[in-house]
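Note that the chains are named A, B and C in the order they appear, and that numbering of residues resets to 1 at the start of each chain.
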Amino acid sequence: MDIFGDAFSKSFNLIFSFDIDLIEILYLSAKVSLFSLLISCVIGFPLGAFLAIGKFPLRNFIVAFLNSLMGLPPVVVGLIVYLYLSRSGPFGFLGLLYTPSAMVIAQTILIIPIIGSLSCQILEDLDKEYKDLFKSFVIKRSQAISAYLYDARYSLFTVVLAGFGRAVSEVGAVIIVGGNIDHLTRVMTTAIALETSKGELSLAMALGIILLLVSLSINFFVVWIKHIGKVKGYV
Amino acid sequence: MFKQENIIEITDLNLVKHSDNILKKINVQIKSNGITFIIGPNGAGKTQLVRSLNGLEKINGSIKFNNEELSKKLILRQSFVFQQPIILKRSVLENLIFFSKCRKIKNHIKKSKELLKLVKLEDFLNKPALTLSGGQKQRLALARALTTNPQFIFLDEPTAHLDPLSSNIIEKTLLKISKNGTKVIFISHDINQVRRLAEDVIFMHKGKILEFNNVKRFFKSQKSSYTKSFIEGKIII
Amino acid sequence: MKIKIIVLLIFCFVNSKVYCQEKIIIQSTTSTKNSGFYHFILPKFKKETGIIAHVVAVGTGAAIKNAMNCDGDVLLVHSPKREIKFVNEGFSKKRFKLMYNDFVLIGPSFDPANVKKQISAIEAFRQIAKKQKLFASRGDNSGTHSREKFIWEKAGVITKIYSGKWYRETGSGMGTTINVAIGMGGYTLSDRATWIKFGNKNDFKILFEGDKILFNQYGLMVINELKCPMVNSKNGKKFVDWMISEKGQKIINSYKVKGKQLFFGNAKDN
């Protein structure tokens, strides 16, 4: 049973034959993950910054809560989103269940805690550095938040990457709310799950190798960006 | 040219931090327009005193600038140069522009460039600020402190461990702005620097002001034996 | 407000495929999907009606649950008892027999429990229990699972006692369960379609087949719009009518994998 050798040649063939189905699946994977990442960043970064700078009663509690949400099992999130988007649920009238949007919603819920919590930690360190200067210059909180996010941009790239990693590799939530429908909601991970369940192990492994290649190239890109930041002394 | 009168009046100032009595009932009136130095051994409370003046500490007592109680409005007219320069992770010019833009200073880009020229950093406008040398960073911090046209500027040992060129640029800049009516409060350990620049001198020890006098009289005779030992470089117990 | 509009636009973009078409959602058992049946039949249905059918394949138990939550327009499963209950509770107006095939008992070719020689499926199951040979159960309330439980009951074996010992419940779909059975060298009950199409067979074989108790009937239902107002019953009905029509049945019968017919249309029995 030479599944690995078989998988390598299959993944090679899939990539270089520009397999239409594969491209479609990759495109949907990227689309869903990137959109959920985008929404999560728009919400998560200001949230992290607000928690990093803010001093209000329940702050530590909220930070701890956010930290624990990072470990939320995707199936639980999938189930919750399913119950809300189901036609018998409160948002059933939107008709979003078994669509890519439902997948975006589930993944956004999964990633926001990661973006918020990790950026909070990074910005807390930056706050220790900048706090006196900003106070001395009487800078408004909203201006401070945007400055913090901008100045921590190279470190925050890693946070974005962590979020993307979770989104693109996650299967439990998207298979529940997306339904793994062919040509509509099938992404890399659910395709791998399906091929495994069909006993097409080498094909499943080939898809896994392609997913690995995608995330490797993204990681190299981020390493390169961080290198630039280091040269500039910004990291 | 008309020189604005700058009066700082501190009454019964107490500061407690982590249950340590750092400043103990400080009472002083600073009236001169020149540079006022604060000297004293480590742990005397010098830094905490100027931080209190800049509203960075939660204090008990009263601090008045020109008969006005310390408030956000007054802090807007102050600037602080920290001992370890706090540098934004941006270019040299952006380090100034960010603050002058937030504070809605007119012609802020042009003015920032002028100030950077004043501290001789005009060749590094687009250089990442964190790659500057220690002295250049401190000059940058000074130029940045001046972007908001402060009426009062506080400096916490800005020239400690700096190269002679940077020290010289900073000293000259401070003399210049002080002549133009900005009140300078300067913490230093360098007795010669005090002699060169000071109008008057405050000596602090263990959270109290032991001596406050015009610079000439300060070095001629001292009220307290602590002050005398300090100037002579002896150990103070 | 601006943010709301942007979010809305994003969702429209992400979902662009959803809005512009006539479609139905089929809540389905996994065997019809994993065997490639839908891949064969749905394009033909689309060509004639213009309706795109989206298949959510989750196992009979979950499919019925989802359908009861109204998350589908058509239900295609294989557990007659529960289908009848589904209809009786008003979730569908009528159940149609669609097609059949059979369940098969698969296991390692050297057959440690000697099931090959048994006269009935019940006897074969009894042998596995007697010799305490490993058995992988779906354990997921699927159609195959309920049939398996039914056979154990007839054989007088209370599997609950042996759960975790020789009786292993995977709680997963058919394919995954076959993977588990192969991985541990045990027996499992599968529908014939999934097994024929299965890619990772190793030295596993069909060891017992052909008993009446292994008959596997697939049923088809449109979900009742009176229970679920959002159901697209018009298109759902079109799908059911097409599938049980003479033409649809002919197409079902013509689907072959490795020269073998997987499903046998029997809609005329309705």
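In this text, a contact is a pair of C-beta atoms (placed from the backbone, for glycine too) under 8 Å apart; a residue touches a chain by one contact, two chains touch by 3 or more.
Being a predicted model, the structure only gives us computed values, none of them experimental.
By number of C-beta pairs in contact, the leading pair of chains is A-C. Put simply, the chain closest to the centre of the protein, by Cα centroids, is A.
Put simply, the C-alpha centre of chain B and that of chain C have 79 angstrom between them. Centre-to-centre separation between chain A and chain B, using Cα means, comes to 47 Å.
For the pair chain A and chain C, the distance between C-alpha centroids works out to 33 Å. If you check the complex, the residues on chain B that touch chain A are 54-56, 72, 75-76, 78-80, 82, 86, 88-90, 98-99, 102-103, 128-131, 148.
In the complex of the two chains, the chain A residues touching chain B come out as 129-130, 132-133, 135-140, 143, 147, 150-152, 154, 232-234. Only residues 7, 10-11, 14-15, 17-18, 25, 30, 34, 38-39, 54-58, 66, 68-71, 172-176, 178-179, 197-202, 228, 230-231 of chain C touch chain A when the two sit together in their complex.
Remark: chain A residues 1, 31-32, 35, 38-39, 86-89, 92-93, 95-101, 104, 179-184, 194, 196-201, 203 touch chain C in the complex.
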